[in-house]
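In the part that follows, the structures are each spelled out as structure tokens.
Across the two complexes that follow, chain A remains constant while its partner is chain B and subsequently chain C.
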Partner chain A sequence: MPSSYRDRAGSVDGYGSVDRGPKSRGLRIFSHFGLPKTLGHQVKGDIHPAIVRLALQFSEFKICGANARCIATLTAFKTVIQDYVTPPHNTLSRHLMTYLSPQITHLVAARPMSVTMGNAIRQLKLEISDSDIDLPEQDAKDELCQKIDNYIRDRIIIADEVIEDLAVKKIKDGDVVLTYARSSLVEKIILRAHSLNKQFSVIVIDSRPLLEGKTLLHSLTSTVPPIPCTYALLPALPSLITDADVVLLGAHSLHANGSVYSRAGTAMVAMLAKEHSVPVMLCCETYKFSETVMLDGFGKNELGSFIPKFSPDTPKSNSNLEVLNPLYDSTPPSCITAVVTEVGLIPPTSISSIPLALGKTTL
Partner chain B sequence: MADLQIYESYQRLLQNEDLSTPLAAILALTEMMERSTAGTMFELLNELKGSAEALSRQSPNPIGLNAGCELFIEFITLFPHDAASFSELKTELIRQGQQYAKQALTYRAKIAELAFDFIKDDSVILTHSYSRVVLQTLLMAHKRKRISVFVTEARPRGMGIKTAEMLTAAGIPCSVVLDSAVAYVIEKVDFVLMGSEAVVESGGLVNAVGSNQIAIIAKAANKPFYALAESYKFHRMFPLSQYDLPSHNSRLLSFQTPSGNPRTPSGRRPSESSLAPNHTASIKITQEDIARNNPDIDYTRPDLISLVFSDVGSLTPEGVSQYLVGMFAG
Partner chain C sequence: MASDPQSAANQRIVEDLVSRLRRRQVVGSRATALETLLVLRQVVSKARFSNIDQLVNVIRSVGRRLVEAQPKEHSVGNTVRKVLHHIREEYHTASEPPAIETSFSIAKFVLQGQPRRQTTIPRSETRVPLKENDPDDPDSFARVLKPVLMEAIQDVFDELETVYDNISKNAKDHIHSDEIILTLGMSTTVQSFLKAAAHYRNYTVIVAETAPSYGGREMAKSLSSAGISTFLVPDSSIYALMSRVNKVILGAHAILANGGMFATSGSLLAATAARSYSTPVVVCAGQFKLTPLWNLYHEYGALDFGDPSAVLGFEEGDLVDKVDVVNPYYDYVQPELLDVFITNYGDHPPSSIYRLLKETYDDEDNEL
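Coming up: the complex of A and B.
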């Protein structure tokens, strides 16, 4: 046993010295997650300043969260489209996408693309290729920007309002609502329930390294009157879950088999809630749906070990220690009672029928 | 006034043995449309929604009729407006409503035919309370196969006894089981056939109280649990738990502490001597008290249900929710 351990350590050292320098042992089975990048100011090719800035904000986690990232990306693309000039002997509908592609590549280099961004960009590509060739350039650009605004309004802002309406009905007087980390949508739902004078309290469960729950706790307790809140870290969950009446969770994306890709730790909360028969409501707009199938958190994930925002007492990687911070995990559909979307409450297993019901072939 | 009228016509329609609550609600709404003086589609829809709300307010258990109202209003909203005048359109809508109700009465035979394939010769079936579609299925199965049936008593309404009487009259071997004896009898049973008040969006079931515990017991004993439901009972509602049902209120299952019956000090059980005979005699709990303090319906989770037989096919609980999403989410 000791010899085999040494063998493995030796080979890892060899791997590390080649790829990551002597300081890091390498990621072995997690290497496919992609290393978090410390993006410098080097910019390859013709990248629009708005995109350069956005990429830096992404890589430093200044803009974080599926909705925020999607809105920021689309807003930046609006500037890019307005500043774009079609070269001679070309049409906007044919050429604009070739101009946008490197911009997207630059964004993805900063942080892997979120499903929301992917869906929005796919829709944008569709709109660009559909734009009328005979339209004057400025009109075509204005029309595209209008379509981007509509997308943000319909798929995110209005959708959120509908979801708030639906989810608030499930919070009753005297309930204890449990949530994990911070989802912008869950925050809005809780604040709405509070503005409707419902008497309830909230348990905010949080976890290192991001400790996003603190932000949520701050906004919930700064209301007048403040919402009664309990703040605890993930290890304290088993003793608190029995008090909860309903669990509200946000999502990064939702997959065709009903599994939920969300902040690391969500799966644990959902599983424990199921174990204690506490209903779990997942709040998620339909534009977060992905037609891929996700079976576990290993096939696709993101690492966040070098994020500067992390608290300073986070252990640093060295030659004997590799800090591994997957940012996401996958929650199986069996642990989710209901998914609250703008088309209603649906069980996670029926997710795949929504695009068909909406009469769309793509999301 | 109009609100009272619609409830009256709903009650009158329910007198008909064949009509279930969603169908009676649909017919009550068509009757309302005949009386309506609305001049535009918008007005008519508003009136319909108002009447549906009035019905649901006045009914003690509105889940079934809500499903019917929801279906009918959805149908009216999506109906193509290509008639020459509004009055013609209205007549057409009324005709469609009545035709649907007529058509819907044939659904039970269709469901019986579907469920029949799952009934093997010499089956022992457990059913709960009284359901027209289960009864029709059992009567049909009896003509071609040997079956015997256990029926639960289904307190507090005791509707299981009605089922047992009708089955016995038809010559089906039948035995009434106490609600508390389901776990005792389940080993002898091949499968459970359950009617329903509504099938909800989670794929679960809302039915006479006791259905949930039968489903749990059937699951524990690994017996299939089949629900029978006409498609007009599919309801866009998602109860997260028993207490999320619209019929639940805080009076249900509250703790009764009548005056003159102080609670015993905690940690010390009342000794024999402290329970004077005249003291126990002064407390009488009647069946009515119990019934008033108890729910009429409960919610059965989808993971306890094997299949839902309906006129649109034999569906898994996931299939039900997909059907509902397809029907209403578009």
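Coming up: the complex of A and C.
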């Protein structure tokens, strides 16, 4: 771990210290992407150790993926809440949020907040402000932790199980399932289908910068009997898409206009599947919905600053050359056949009606 | 029907290229075209023939052997076709009485197509009457024709030598100031095109790495060292960046008769993404990549596969024997996705490629 951290710091230096004078234009186009942060060790203010640790894990991509980050954040907040002591002349419902805010800021400094974390934190804020002033402090904290556990259970774990049930029905014997990189939810769906003794094979498409598909391959081939898998990198996709019967994709977040914000490359897989009339099923829990509208993957994105260990020949940035690793892209709703959520299979354009259908005014 | 002693010498040089092609020691369209031309020049200079059919047969049989050695290097066959075309043309000019083509009529245009540009240049000034199958002096035909043929082959040679310059000469008309260009893979043609444009324009290039060969990295290094502002990105981010890209510039492996092309895998993704944003796709390719072929079987592009260990190496030991790994070399890109081919003969829309093919090769050579 220390060595990989040093690698990263080195590359960050490459970014930070170059004179950007001559290529100001290049910089301007990409300026809003948010340049990689050098943050890591320096801790400003009263940050809980659990949060410091989590921030490091985020910035080093030890924990990545919308679900994993959300669960890790909520779990860390439980520790923070348990360790929190309300100062005198204050109430928990009024003061706890002011204590949590810098913790959140620290996490966001490590890596931009995911939509899932945003939704969960918004819910947590609501619960904190709703907590009874007359309740003894320990009881109030226990109640909050219980609510966090419930959120994780209802919105993520149970939701995933329902989605698995729904999506598995769409995998039939003899099908070829194509997926891109590794979504934890898609992985669970495939494993569930396999445990139901369905006979199918899987094509895993993968790409730099993260090459997450290798992890998926490991878990799919370690089943008994192993699931027949084909592995290829993204440029080979056009050769393989004709074999696929269904495409399963994961998402980072879903936006009000139906566009899908997900790991870079998802949009091209969906686009090509649509081109070849292969149904694209996007698997996504409702807590990933966002009220905002996303028009393209350029407006909002994030850069991975790391140069991975397995490609030592990646050129270093110099005055004319800059190495960018955008992590996300945005898939237009026209490329998605159906979104599998815990409330059923819906078209991507109906996303905005879901919060109302769930009987909530806020997500 | 070359006589035996010379055919042996010819065979050796042909055999040498055949084995190098088969072992992929000669790769790249231009390199293979040049090597083929060198072999053909030798073959023609040593061949013994007393009429045109004998010569054509010798060249075709050599061409067939070379093409069979590496059927995916289309420029080999193309070069052979082009040489045959030139030889026939020289033969016709030499055997026909001069000053017959002075008048140009619509009827002739309909019959023969557009006047070919090679015919406009009169070559041999001194005309010796050509006599085929002379029983007294069987070599006389070859003796008269050979110098002209060598000259014609030299022309093809010169064309290959200057192909990059001629493609790049209009680069500044295609790339304008402050544009953002997306390209991928390592193509010498595209590289020289972009560098030529950089003399006149200040623009930005985004290069996709193009896994698993990662030719894009080499391209990015080369472009940035020429002073072009360059961004190197993974293939996965092509779609995300496409909304800001003004033009996609690709290289080709072979241009097909219907206006489609074989190109480095990844090109189809970029071209499809470009179309969804209505971004023009420009292909830079030498004229020797024009191939009189149709791709009717699109799966797996050109049916040519690379080394799977580049995709999933042996460091992932336990996966290697459980997983099928696919690494196709080429994509087939449909003509609908392309906007223009820039060749050393000028700019052509995909819909006029078939006409260019008719002008460049003779129909009877499509199957060697």
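Please note the rule applied: the second predicted complex is superposed on the first by the 329 of 363 C-alpha atoms of A that agree within 3 Å, B and C clash if a C-alpha of one lies under 4 Å from a C-alpha of the other, contacts with A are read in each partner's own complex, and residues count from 1 in each chain.
Assume a contact is a pair of C-beta atoms (placed from the backbone, for glycine too) under 8 Å apart; a residue touches a chain by one contact, two chains touch by 3 or more.
Just so you know, these numbers come straight off a predicted model, no measurement behind them.
Colleague: On chain A, do chain B and chain C fit together or clash when superposed?
Modeller: On the superposed model, which is not a single observed complex, chain B and chain C fit side by side.
Colleague: First (chain B), second (chain C), both or neither: which does A:M281 touch?
Modeller: first
Colleague: Looking at A:V246 after the superposition, I want to know if it touches chain B, chain C, both of them or none. Which is it: first, second, both, neither?
Modeller: first
Colleague: So in the superposed three-chain picture, is A:T337 touching just chain B, just chain C, both, or none of them (first/second/both/neither)?
Modeller: first
Colleague: Between chain B (first) and chain C (second), which does A:V224 come into contact with in this model arrangement: first, second, both, or neither?
Modeller: Neither partner.
Colleague: Given the touch rule stated above, what does A:I354 touch, chain B (first), chain C (second), both, or neither?
Modeller: In the superposition, A:I354 contacts chain B only.
Colleague: Between chain B (first) and chain C (second), which does A:K170 come into contact with in this model arrangement: first, second, both, or neither?
Modeller: In the superposed model, A:K170 contacts chain B only, not chain C.
Colleague: Could you tell me if A:I346 is touching chain B, chain C, both of them or neither one (first, second, both, neither)?
Modeller: first
Colleague: So in the superposed three-chain picture, is A:I133 touching just chain B, just chain C, both, or none of them (first/second/both/neither)?
Modeller: A:I133 contacts neither chain B nor chain C.
Colleague: Looking at chain A, which partner touches more of its residues: chain C or chain B?
Modeller: Looking at chain A, the partner in contact with more of its residues is C.
Colleague: Measuring by CA atoms in the overlay, how small does the chain B-chain C distance get, in Å?
Modeller: 16
Colleague: Which of the residues in chain B come into contact with chain A in the complex?
Modeller: Within the complex, chain B contacts chain A at residues 201-203, 236, 238, 240-241, 244, 302, 318, 321-322, 325-326, 328-330.
Colleague: Considering the complex alone, what residue numbers of chain A touch chain C?
Modeller: So the residues of chain A touching chain C come out as 23, 25-26, 29-30, 207-209, 214, 217-218, 221, 226, 228-240, 242, 263-265, 267-268, 271-272, 275, 296-298, 301, 310-311, 313-315, 318, 320-326, 328-330, 332.
Colleague: Which chain A residues qualify as touching chain B in the complex?
Modeller: 170, 246, 279, 281, 337-338, 343-347, 349-350, 353-354, 356-359
Colleague: Quick one: in the complex, what on chain C touches chain A?
Modeller: Residues 178, 180, 204, 209-212, 214, 217, 220-221, 223-225, 227-241, 243-244, 264-266, 268-269, 272-273, 276, 298-301, 311-312, 315-316, 318-319, 322-328, 331-332.
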